[in-house]
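Next up is a structure, given as structure tokens.
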Amino acid sequence: MMALEINTGDTAWVMVSAALVLLMTPALAFFYGGMVRAFGVLNMMMMSIISMGTVGVLWILYGYSEAFGNSIGGVVGNPFQYFGMRNLYGMAIDTTGDGKHDIPALVFVGFQAAFAIIAVALVSGAVADRIKFSTWTVFTVVWATLVYFPVAHWVFAFDGVAAAHGGWIANTVKAYDFAGGTAIHINAGTAGLALALVLGPRLGFGQRPMRPHNLTLVMLGAGLLWFGWFGFNAGSALGATPTAALAWVNTMVATCAAMLAWLVTERIRDGHATSLGAASGIVAGLVAITPACASVSPVGAIVVGILAGAGCALAIGLKFKFGFDDALDVVGVHLVGGLIGTLAIGFLATNDGVFYGGGFMQLGRQAIAAFAVLIYSFVVTYVIALVLKAIMGLRLTSSAELSGADINEHAEIGYDLSNVRYTNYQRVHSTVVVPGSKEEVHS
Amino acid sequence: MKLITAVIQPMVLNDVQVALAQHGIAGITVTEVSGYARQKGHTEVYRGAEYTIDFIAKVKLEVLTSDDLADGIVEVIVRTARTGQIGDGKVWTVPVDDVVRIRTGERGDEAI
Amino acid sequence: MMALEINTGDTAWVMVSAALVLLMTPALAFFYGGMVRAFGVLNMMMMSIISMGTVGVLWILYGYSEAFGNSIGGVVGNPFQYFGMRNLYGMAIDTTGDGKHDIPALVFVGFQAAFAIIAVALVSGAVADRIKFSTWTVFTVVWATLVYFPVAHWVFAFDGVAAAHGGWIANTVKAYDFAGGTAIHINAGTAGLALALVLGPRLGFGQRPMRPHNLTLVMLGAGLLWFGWFGFNAGSALGATPTAALAWVNTMVATCAAMLAWLVTERIRDGHATSLGAASGIVAGLVAITPACASVSPVGAIVVGILAGAGCALAIGLKFKFGFDDALDVVGVHLVGGLIGTLAIGFLATNDGVFYGGGFMQLGRQAIAAFAVLIYSFVVTYVIALVLKAIMGLRLTSSAELSGADINEHAEIGYDLSNVRYTNYQRVHSTVVVPGSKEEVHS
Amino acid sequence: MMALEINTGDTAWVMVSAALVLLMTPALAFFYGGMVRAFGVLNMMMMSIISMGTVGVLWILYGYSEAFGNSIGGVVGNPFQYFGMRNLYGMAIDTTGDGKHDIPALVFVGFQAAFAIIAVALVSGAVADRIKFSTWTVFTVVWATLVYFPVAHWVFAFDGVAAAHGGWIANTVKAYDFAGGTAIHINAGTAGLALALVLGPRLGFGQRPMRPHNLTLVMLGAGLLWFGWFGFNAGSALGATPTAALAWVNTMVATCAAMLAWLVTERIRDGHATSLGAASGIVAGLVAITPACASVSPVGAIVVGILAGAGCALAIGLKFKFGFDDALDVVGVHLVGGLIGTLAIGFLATNDGVFYGGGFMQLGRQAIAAFAVLIYSFVVTYVIALVLKAIMGLRLTSSAELSGADINEHAEIGYDLSNVRYTNYQRVHSTVVVPGSKEEVHS
Amino acid sequence: MKLITAVIQPMVLNDVQVALAQHGIAGITVTEVSGYARQKGHTEVYRGAEYTIDFIAKVKLEVLTSDDLADGIVEVIVRTARTGQIGDGKVWTVPVDDVVRIRTGERGDEAI
Amino acid sequence: MKLITAVIQPMVLNDVQVALAQHGIAGITVTEVSGYARQKGHTEVYRGAEYTIDFIAKVKLEVLTSDDLADGIVEVIVRTARTGQIGDGKVWTVPVDDVVRIRTGERGDEAI
């Protein structure tokens, strides 16, 4: 992975992709934020935004190293190898082995940072409106360290790319997960389920109405997610290659098909095709094509999209059936969508899928990868949740929950469109602490 | 003096306002309200969960008037606001002890 | 068009551009969505979003092939040649002929897919608030198949690039339309006019007020459209070349000039420069520079921008004059703007425009292209509209139109910012259809 | 700077970066727009948007030339050299000197255009809600011409890149300002201060409540700003190079750290971590890392972020202390953040910072650059403001200010979410002026 | 006839509406209001500036009724809207001269 | 008891609220309304089409009070809400039969 000649085209593509993936977390904040009631929109957004803060810093300190450092038994990378990005400046990642497609190692760091951030942020959809913000913040740190970084190592760290030895799923099981169906979506979806189970349902879940407060915000989130997802999937080729082109086209068309499938499902079941359904179908399609985008043909991608769109549209009802409150359907969309995509590869992979005469071997590998991540994520997340509950408490007080997390956790409200000013004065707290004169100003 | 209050369909507001103006009524005060009564609400669907909205958007008009004009005003409102469908609303009259115009301090019928 | 060596820089640029153009359709959804009344914002957005679903899938199936397959008489591509993307993986598009700027064919597919999608979505602005959503969905399929795909073939399919033989406007008329002034904007603008004529005006058009409900959403749409349009125009160079650079700069400065011209026109005429005017001027400038961005100098681009900004600001009044209800001014902005840009090339093209001593030859070619597309689009769209009207009906019922398309067509409302819950209970319809147990749950 | 062989990867990266930076001005419009009261959101956005119009056109005419033309004494570029982009088509910018990383000169023009635009737009935050829109429009023209273009020349014009001779700070003082901590942020922050001082505080400043009306819009702005800033900082490498990669990673992690630092500061001081704080911390971190992103290590970037996040969170109180009404904290965020970043380089630059054994030499250079820009910007802006005040008036009337700039300056309102139509009829002004028949239509 | 007006907590609206419906009340009109009284408002913080919100969101119910049903309705509202905490609100009764149903023109008790 | 209702300019709300509090008034209820009367509305322009907004944003205050305090309250409101320009609004008084405090069930003057 030492190389002097950088391919500027590949580097440009991966830097753009990294920025696109980073945009996905604000996009997720809008997607989720629009779906809760108006009195919780800021808290919902902040759960994504704070993940950018904590996970971004951790990634640079030891997260990248835990994921892509030299493997300790295929289970986790050496967290000290690249601690604080040491040993990385001037290094390159060579993804083809022929020295023609080298990109600076720091580009890969940035690209993967954005993955880590959004994986954590995704979990928040399950716990909308009722988790303490301080506990969520600590959760992002602990969960990234104990769950995401190791699982990313399992799935994304190929031997000889970022370090000599990589993770067990990538190198031993040899499952295909091009851009993170297991490491991101199954992982986050499962974690959301575990956390929601420990946390309990929102007050009034299933009885009192909790409709989305701003569907233009939801649609904005979905639109930006789709845009960013081209970086997520096609960027995972780590170069501006024909593989990236295939991933790009599949990321488009699977999503188109999933949106249509979700809308048709709704139309048949509920009598209406909704905009929330379109936005949800978009995300479901993106999730499902994520692992598969480089393995299936465009027509295969359409099939994956249809399965994901219809499958997730049906699966979001599960929470009412089983009574767990996965508020914004992280399980129904990310876990189920991730499973659909990961397993569909076994059938539709053009090189060795069942339908292409490849037998059931690859399907088995896909299943092992999917369920290994699912089980690990569920168990560890559940334990983390119990520990945090014991130490600092998980839930808002009932009165805070009923009067809204925005006011109670952030002392803000999302919107003030009235032309009447009910606020009747302001008082300035403190201003600058000039060194040597720690005075406070009250006006 | 009287306070005439009417709860009407939002879409007839303009017609009523124009009719009142033609009838010589100088001022009205309008509030957006929600009504729950005979008229059926609608259903919304979000991710397969159905929401029934019982309350229907209505507009409340308030008109202050002298005693002698009150009946005429009620009549104008009832005539203009009628669409004939359930949900057309009500008009009611309440006695008023006194009215003051803030700008001038005028009282009673002068203030209207 | 078979090549082994891919230029990664060009590929990176076109993949990014494709993602940028894809983002333009959600952007359009916001631009249009903010302009209608609050009770129709979701329906308005959904008309764009559904186009992504239908046209995206069609494109992969036969649309690309219809547009870029081997030409049948210059009129339409062979729809079977690349059906479902067959024969395309591993292929490259060579735009320069010297083998130095090859990009994977699938990148070109993706880039052009985004064009097809937005062309269809643009039409919806003319029919805001009153068309049946089911009919619109069918319209997107029929119109793409009968109008857009063939017209794209005429204009964009150059001999020997994607297939041996291309379309008649590109190769016989030799009009300049770098990024789609004719194929996209004149085409969609004309189709909007035809559809609006068959559909009839909104109830209360010209009498009852229909002001935009959310100008921040309009501005968001305009901002994202501008951003995406760099992909549209500069991406049409199909490489990171000096031509792309010129297109980039022209796309910026024509838009700046058009915005200023629109605002000045408003200021003179109405006494105020409005934010809706700024957003509209931005779009008008982008439309007009689209065909011209690689043919004119930056100063020429400023001229194009001024003509478009002032011209479209005046043209949007046409609908009141002639009494057709082009609700969101697709005619006034896209048709008029597209004509201005397409014809301005005849004067301002630096190689053979009238003002550069090139005579009237090129102007004639531009006019032929513009009016050929205009007439074809008008006639075919009008017939499609009549047929759909007869078969499935075009218009919402009056009561649905008056109480809002969102509730009636999608069973949703855009915003619920109140802290009072007027919704008084929820009932879960059906959940998962587990194979073998088609039970429904009602809570 | 004449070169024939273009590096497509570098060109792709800088074209994308240019589009990203251009997106930052609409993003700023949302960030600022969400922070004012609802009755001024359009006016606030328009101050940014109009800057795109005026500065974009000026840049093509003479702005680029003033900034990057051959230097007249290190103070300003020759405004005629590249007037209207003449002499530029076909030219290339060679940033490495080895002929391997050439990009078309027009790409550089576009990239730097977006910088000029946002520098001007930034100033508007200080004068929210009370400046006449016409005066602001003229201000953008004058300030760009007299302040920004020259200062950009000082800082960004290196000898032998865009022209033989460049500006004094870049070439004589040799301060490091990779992407514009001095030329953009200190400059705009100071100008905001000067303009706010001449303009005076908003009516009711410090007494009447002026809380943000739409924090989802603020967060959208912050999210898009962060996204665009990768173009701003990593794009300033003018190629897809290892330096760009370092800048990318630093732009991410400094921002993460600054957000956390701002939130911690708030939590300690006010008891709550707010979403406005998160958005503000993001911007503060981006500002501070701007000059430093290519000079510090990722761990150094974390330090810069922490300093900026905490420093700016404290500095925004200054305005209450000193009684100037910098409405949206341009001083507290951009001036203070710019200073922190510019001076931090002196300590943290890995090649010659104080902490890396480089002595105080570079710190001195940084200080000279920062204060030279600060003083020049303050004095010239103050004078411009006084002159404009005398000639055309700066402030809205009190009644216009109290009833909102949107209605009074733009004859529009931002939102109309009510389902009651208080507007009771419409009248069409004038429509098209068909040449030869200047008739007007009134309906 | 009487007009009963109640200012209540937003979160009890549904319970009150259901209770009234069970009590046989056909229609109510609801307005979103803000109340300023004993109950303390809350504090918001924006960039270090503190905003005190004295006004608290409330819901106003209006029910037209015949004289004899008035007391029962007041009683139902008071019982269902009570949470026992400061801010529960008030119910008051005002005499009404006349009521008209717009759709039919019916007057008096018939119109309610 | 009396119900005093005032329709005032939005920007004087704070002053009125403070003045009432100083006058010893414990509670008020506020509604956002729109008024149509002598005061002229404004014009908006969207893509060259002109919209005339006749209705102007106002605030409605409601204060329940005992009979003896009513005149004083009207006087306080009129004094504080006056700007002297057209559009300052009206204050009116309506007789109230009964008031109940929901939290305690107190009635009459006790409940206010």
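Order as written gives the chain letters A, B, C, D, E and F; numbering starts at 1 within each chain.
Just so we're on the same page, a contact is a pair of C-beta atoms (placed from the backbone, for glycine too) under 8 Å apart; a residue touches a chain by one contact, two chains touch by 3 or more.
Small disclaimer: the values here were computed from a predicted structure and weren't measured.
K.L.:
Tell me, which chains sit next to both subunit B and subunit F?
P.N.:
Per touch definition, common to subunit B and subunit F: A, C, D, E.
K.L.:
Interface overlap for subunit E and subunit F, more than half of numbers shared or less than half: same or different?
P.N.:
Different residues, largely: of all residue numbers at this interface, under half are found in both copies.
K.L.:
Between chain pairs A-B and D-F, which one is joined by a greater number of C-beta pairs in contact?
P.N.:
Here the pair linked by more C-beta pairs in contact is D-F.
K.L.:
How big is the gap, in whole Å, between where the Cα atoms of subunit A centre and where those of subunit E centre?
P.N.:
From the centre of subunit A to the centre of subunit E is 45 Å.
K.L.:
Based only on mean CA positions, could you tell me how far subunit B sits from subunit D in angstrom?
P.N.:
Here subunit B and subunit D have centroids separated by 51 Å.
K.L.:
Based only on mean CA positions, could you tell me how far subunit A sits from subunit D in angstrom?
P.N.:
Distance between chain centres, rounded to whole Å: 31 Å.
K.L.:
Hunt down the residues of subunit B that sit against at least two other chains at once, touch-wise.
P.N.:
11, 14, 17, 30-32, 34, 44-46, 48-51, 54-55, 94-95
K.L.:
Tell me, which residues of subunit C touch at least two other chains?
P.N.:
7-10, 12-13, 16, 208-209, 211-212, 214, 220, 269-272, 274, 276, 317, 320, 411-413, 415, 417-419, 421-426, 428-431
K.L.:
Draw the chains as dots and join the ones that touch; what shape do you get: line, ring, star, complete or other?
P.N.:
Graph shape, chains as nodes and touching pairs as edges: complete.
K.L.:
Spell out the residues on subunit A that touch subunit E in their complex, using ranges where they run on.
P.N.:
Residue list for subunit A touching subunit E: 208, 402, 407, 411-413, 422-431.
K.L.:
Quick one: in the complex, what on subunit A touches subunit F?
P.N.:
Listed in rising order, the residues of subunit A that touch subunit F are 418-422, 424.
K.L.:
Applying the document's contact rule, which stretches of subunit D touch subunit E when the two form their complex?
P.N.:
My answer: residues 209, 211-212, 266, 269-272, 274, 276-277, 280, 313, 316-317, 320, 329.
K.L.:
Inside the complex, what are the residues of subunit B that reach subunit E?
P.N.:
Per the stated touch rule, the residues are 2, 6-8, 31-38, 54-55, 58, 60, 74, 77-78, 81-95.
K.L.:
Using the touch definition up top, name the residues of subunit D that touch subunit A in the complex.
P.N.:
7-10, 12-13, 16, 20, 37-39, 101, 206-216, 219-220, 222-224, 226-227, 230-231, 234, 239-242, 244-246, 248-249, 252-253, 255-257, 259-260, 263, 269-276, 278, 281, 297-299, 302, 314-315, 317-318, 320-321, 404, 415, 417
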